[in-house]
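Two complexes come next, and they have one chain in common, chain A, joined by chain B in the first and chain C in the second.
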Partner chain A sequence: MNVSVELSARKDVPRWLAVGTPVFTVLGALALSAVALVALSVDPIAAYNTMFVETLTDPFGLRQTATRTVPLVLTGLAVYLPLRAGLWNVGAEGQLYMGAIAGTWIGLNVSLPMVALIPLAVLGAAVAGGLWAGIPGYLKAKWDVNEIITTLLLTFVATQIASYLVRGPMQGGSGNFPGSDLLPDAAQFPAIPLLDVHAGFLVGLLAVAATAVLLARTRAGFEVTFVGSNPLAGVQAGMSTFRVYLFVFLVGGAFAGIAGFNEISGVQERLIPEFSPGYGFTAIPIALLGRNGAVRVLLAAAFFALLFVGGSKLEVAYGVPAALVDVIQALVILFLITAEFVKRYRVDVELGREPAAGPAGEA
Partner chain B sequence: MSTGITRRRAIKALGLAGATGLAGCSGSGDAATDEGEDGGSDGSDTVKAAFVYNSEVGDQGWSWAHEQGRQAVAEEYDWLETGHTEAVEPSEAKSVFEQYVQDDYDVVFGNTFGYMDTMVSVAEDSPDTLFEHCSGYETRENMGRYFGRMYQARYLAGIAAGMLTEADTLGYVAALPIAEVVRGINAFTLGARSVNEDVTTKVRWTNTWYDPPKEKEAATALVDEGVDVMAQHQDSAAAVQAAAEADIWATGYDAPMAEQGGDSYVTSPIWHWEEFYGPTLEAIHDGSWEADFYWEGLGDGIVGLSDWGPEVPEDVKSSVDDARSAIESGDTDVWADSKFADADDETLFQDMSSYVEGVEGSVPE
Partner chain C sequence: MDEDAFLRMSGVRKTFPGVVANDDVDFSVRRGEIHGLLGENGAGKSTLMKILYGLYDADGGSVHLGDRRLNLDSPQDAIDSGIGMVHQHFKLIPRLTVAENVVLGEREPARAFRRSGSDSADSWLPDAVRDSRVARALAERFSIGLDASATEIEALADDYGFDVDVHAPVRELDVGERQRVEILKALYRDVDVLVLDEPTAVLTPTEADRLFETLRALADRGIAIIFITHKLSEVTAITDRVTVLREGENVGTVETSTVDQADLARMMVGREVLFSLDRERVELGDPVLDATGLRADDDRGIEALSGIDLSVREGEIVGIAGVSGNGQRELAEALAGVRSPTAGSLSVAGTDLTDESTRTFVDAGVSFVPEDRHEYGCAEELSVMRNATLKAFRDGRFDDGPFLDYDELTRYAESIVDEFDVRGVHDVREVPAGDLSGGNLQKLVLGRELARDPDLLVAHQPTRGVDVGAIEFLREALLDQREDGTGVVLISEDLDELFDLSDRLLVIYEGEFVHETTPEAADRERVGMRMTGGAPAAGDEAVADASASGAAMTDGGETGGESDAEAVDTAGTEGGDAR
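Now for the complex of A and B:
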């Protein structure tokens, strides 16, 4: 027997497939997770109702989802933008920490009224995150050093720096507990009236809009997409891959840096070690799902936020183990990413006899 | 297509309305019985209590011990409804606390120091919910705090360690350099030195409450430095396991760790949180709860020692028993012969930031 699997890129994706895949794959992942829920004698329908429907129908759940979306969309953009240029920024987590450090430091040490202090801290966070991503960006652009490795490893450096600072020079509070002092009120994002979500949410939306405009309407954005789809042709057309590569990392890193400060200022109120539950890593599937546009990155980020918030609600409501919620989230992500692949490629599996054994001329 | 959605929506809306109606009925029914029974207590008779843990309850450690307490009270009181969430990082705590407030819980217990700021701010925003924070130093009108004098049990474990050691060197795998942990190290060392003046304690900091590989690594490093009795202040049994593998004595923490300690297991200073959760929930139930600071010890039963390991000699057991009675009766004060002899409770609880004589090195800044 001979099994041949052939992959061919689809020229155009049928509409039913484009719309149907995410829906069916999410349902598939949930059906698989239901086995575990049933094993714990939890009614899966009621559990999923709590996780998704209830979260999205009460103001509290929506507010939490919106708050969670902020760091996810910003780090999502930090991966998305280099991805448009054909590069992998897997170190958004580290850039987020550098931004959090810089923003918190400014918030604690500069005294200005809120209208000036918050923008300054956001700017500082953007610069820190941008520079941190700029290192791998420069190494890639100048010497073609593999950016996957450099961005990833710099993440560990960044989290350790944050860990050191909150136990050393930036340690505040009392009780010798690792963590900085509380940010003054002037450095904390106020809540948006009516929505009751911190104003960092607006910064996230602005970043999405800016990225969309950048890619669709500007020369720099055009070059990013062009170099991303064919770097050689880009060079032929007189574009500089050096400038494009450095640019996407600087801007992407800046977004991740802002995400870090937003999370500290809007949610945590002080810099603590390991404050991020891996936003910068979750950003990678978000960018993959949203690879066709900045607004889709936003949608993907909101969906992941819903998964987190709903998962936490599920734990609270049914007392299911934390690990099971992780499994459900991971399955949904895994199914979605796999579906992306199936959507983009046509998989043909052929079962047949050994070609040599078959009569010649038959195909 | 659109009609389908509308119909579905309509059905759901009807269903919701029905459910709300029912809930409304049963709610008013409950309220009526309440008034009948206790004549005017406010709200419903059921107390809903939430427990938020920083680590997984299967960890055989800190959260496991709290979960034992929750299960005990949940079993005991038929008017009590409990919920719990495990593995909640301090950075995630806010949304979990808020969720419980949203779900109309009467009281939220949080079991780690790192929740303190968050709990204070959620308590400020939720004046109708009660909060109880374990191991911190902040209270509010609707937020109490609780802990136990674990140092007394540590002292007893130290006596056993001091009698068992031949190298006169004890090892201590410690989480974070905060007062709670330093207090345990000091009490353990004082206990050991009360029976063996030559003892020194070597401390390794992991800077984490729960990270079994890291805890094990620290324990192994201590074994390499020649300690022959291991103690630990972590949320898992990894250090005890490392000690068992190296065939040296070990005392655990939080939970009976006999299984991990094998033949060379000594004992573990352990918690009996139900001794706090029970009376506290009763007070909430009968309306007499007030925010205060609960800090009791061996006498109250909130702390104790687990069963002895299989090979602990009888003289060790009887010495520890004697010391235990002396502490319970007030004849022995753990700190009497140390530099903390004159310290008041507040200093002991919050400001203990240096070692007693006999501990090597100094507390990291």
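Now for the complex of A and C:
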């Protein structure tokens, strides 16, 4: 038996493949996870029903999903913007923590009415996150230092700084548990009237709109897009890769920083260690799924939020470890990579007998 | 159909979305002939050869070699059938040696693993291991035995007169030598048909001549050679017969000796093609460029420009001739503000721009057509519209409040596409620039640069790799721009082009200008000599002249032992008819 696998580079990508990739990716990941569910003696249809349908049709589930979407979409944008310029921001998690620290500090130490305090804290978080991303951004822009390494390593630094602060200088309350003081009411996001989701959600939507407009309609967006596609041609035309790279990291980091404060202000109400279940890292597949538009990043973030929320329900309802959610996320990433590969190459598998009568082809 | 034909492609059909690349094409080649395949970009010659080499599946038609009908599903099938191809972009691995590159894909396992009993008696491995199927499978996958192959390759190289060290790593070889390694790859596989895709695109005139000699020798041995080109001069120089493709159809196959370049051009384009352009007298204006003492380093930090003085006036085209690699790239980039000079000064239209950023140059009215339109000229994945507005988008007329007026940008792009006859664009916002054929992309790039109405245009090889129809258009465009008062620096390897377009002609060699003349007063032989660093000569007096007066005086003492030798070599063999 002769199995031959042939790879041939595609000349052009069929439209259905290019457009449908995110959908196929998700469906593929879910299909494969269904296998895992079956192995656990759980009916996949019922499980997915619980995870997705029930969550979305239940007001509490919807609220939870929307709340989870906030940090995910903001960190998603933090990865998405540099990605459009051809760079990888793997450190959104660290930028998120720095933003949380700065925003919390302002919330705790500055006396202002909510109307002024929250915007100030958000601004502070943006600046902190932006600067934290600006370091690797500058290193890349000026000396071509690999941004994947620098952003990633700075994440660990940031989480350690946060950990130290909440056990030391920012330690609040009675001192029994690590964590800052409770944020005053003036620094906590109010709930949006009808939706009953904290106002940070609006900040997230605003960020999506701002990014979309920035990229689609401004000169800066034109430059970012061009440099992301061919920096050499951009330089020849007078564009400055230095400015573009620095810009996308500063703005991306700012978004991640805001995400951090939003979580503290809207959900946690105080700065605690390890409050993020890896939002900054989940942001990467989100940015990849949504790589063609800020709105798609929002949709991808919503999907992952749904996974989070629905996943914890699974545990309660079926005794399935919530880690299944991690599995599905991982599968999404794997399928994304495979999809990129399938887009570029056609894979033909041929089964035939040994030599003599080979498969017939056309001339 | 030709009865003598050895290779026969009949009724070949290949379509891509929106275009019929090969429309029922018949193509045949005889043993021992050099058969040219001529056509504009997009005429279908590459497609036809890719079908022959198994890279594409034809939608219809057949390929026969001798009496056998061939199944060409992959390059391996083509190679197994005795068809070899030398691509324009070499498929060599620089870190490996010549021998390793040649056997790539066909290597023998290490000597130690060869089956006991055959010619490898002295293996240090026990017979049991050598005979085991597992060990042999692993050996075939992971080991390499070069000794026998290397000797064979050396013998092959000697046989064909290739002067190459089979144990040298490919990265140490120059372009001409690398191309010979590619040919060796084909010869090693004992090909009967050899296809060369635009082989002289990367060669100097001397190297091209050597290649032609080699091909002649191969043809004399009975190998059928297919030579893809769009250069008419090459067709007349080396081919026995030539087939012309136009818009996917075979327009005709002729004996080269019975046609001239004008006939071929007419066949290629379907109409009369003007070979000489009307260059009107234009009044020269103020200087737009004034560069003195320019020095610049190349990417490796070695000095590539050694003191260039150049001035260009409004309405003047200054042509710079030279063989690629003598500082042209650094000069073009320095003049366009992309590369910082290490010394010297540069001013455009009276403003000193020395050491300014590229952006300042662009804003000051300097336009640049780079040598490599793919790598530096455009972003292939982005739309034609974005590429067309690459330098104009900052202009105030595209303001829409704080935003960019994309509608206006689209209109601007469309006007460029219209005015510069860029074909293949049904929607400027949808078609990616990478989808355009070479000539059309170049028209787009030049169009974008000229539409800005620049004071100074730096054009580096603006018609390289471009089909005849587009070349004509591009050259007319340059002349038109000159009449509008733009000063143009035209760097080119094509002497015909330089003679047709330039008002003044300079020759660059090893980073300096070594000769200045005008097309009317120039002696083409002499210019060709200067391009290769030699001194002009006729016959045997060359030797005495070159080493004594000529070399020392006019070339500024740059000629060392090597260039003298070159001068002797090239004297009388090529002259200015290089291109």
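The criterion applied here is as follows: the second predicted complex is superposed on the first by the 303 of 363 C-alpha atoms of A that agree within 3 Å, B and C clash if a C-alpha of one lies under 4 Å from a C-alpha of the other, contacts with A are read in each partner's own complex, and residues count from 1 in each chain.
Everything below uses one rule, namely that contacts are C-beta pairs under 8 Å (C-beta built on N, C-alpha and C of every residue); 3 or more make two chains touch, one makes a residue touch a chain.
On a predicted model such as this, the values are computed, not experimentally measured, just so you know.
Enquirer: So, does A:Ser229 touch the first partner chain B, the second partner chain C, both, or neither?
Expert: In the superposition, A:Ser229 touches chain C alone.
Enquirer: After the superposition on A, what does A:Thr218 contact: first (chain B), second (chain C), both or neither?
Expert: second
Enquirer: Which partner chains sit in contact with A:Arg15 here, chain B, chain C, both or neither? Use first/second/both/neither.
Expert: neither
Enquirer: After lining up the shared chain so the two structures overlap, which partner does A:Leu182 touch, if you call chain B first and chain C second: first, second, both or neither?
Expert: first
Enquirer: Is A:Ser312 touching anything from chain B or chain C once the two structures are fitted on A? First, second, both or neither.
Expert: In the superposition, A:Ser312 touches chain B alone.
Enquirer: With the two structures laid over each other on chain A, which partner does A:Gly238 touch: chain B (first), chain C (second), both, or neither?
Expert: In the superposition, A:Gly238 contacts chain C only.
Enquirer: Residues on chain A in contact with chain B in one complex and with chain C in the other?
Expert: In chain A, no position sits in both the chain B and chain C interfaces.
Enquirer: How about chain A: which of its residues touch chain B in the complex?
Expert: Where chain A meets chain B, its residues are 58, 60, 64, 67, 163, 167-168, 174-178, 182, 267-270, 272, 274-277, 309, 312-313, 315-317, 319, 321-323.
Enquirer: Which of the residues in chain C end up touching chain A in this complex?
Expert: Listed in rising order, the residues of chain C that touch chain A are 16-17, 57-58, 61-63, 69-74, 336-338, 357-363, 368, 370, 375-382, 386, 390-391, 393-394, 400, 402-404, 406.
Enquirer: In their complex, what parts of chain A are in touch with chain C?
Expert: The touching residues are 6, 8, 11-12, 213, 217-219, 221-222, 225-226, 229-230, 232-240, 360-363.
Enquirer: Considering the complex alone, what residue numbers of chain B touch chain A?
Expert: Answer in residue numbers: 50, 56, 58, 83-87, 89-92, 94-96, 98-100, 102-103, 113-114, 117, 121, 137, 176-179, 207, 350, 353, 363-365.
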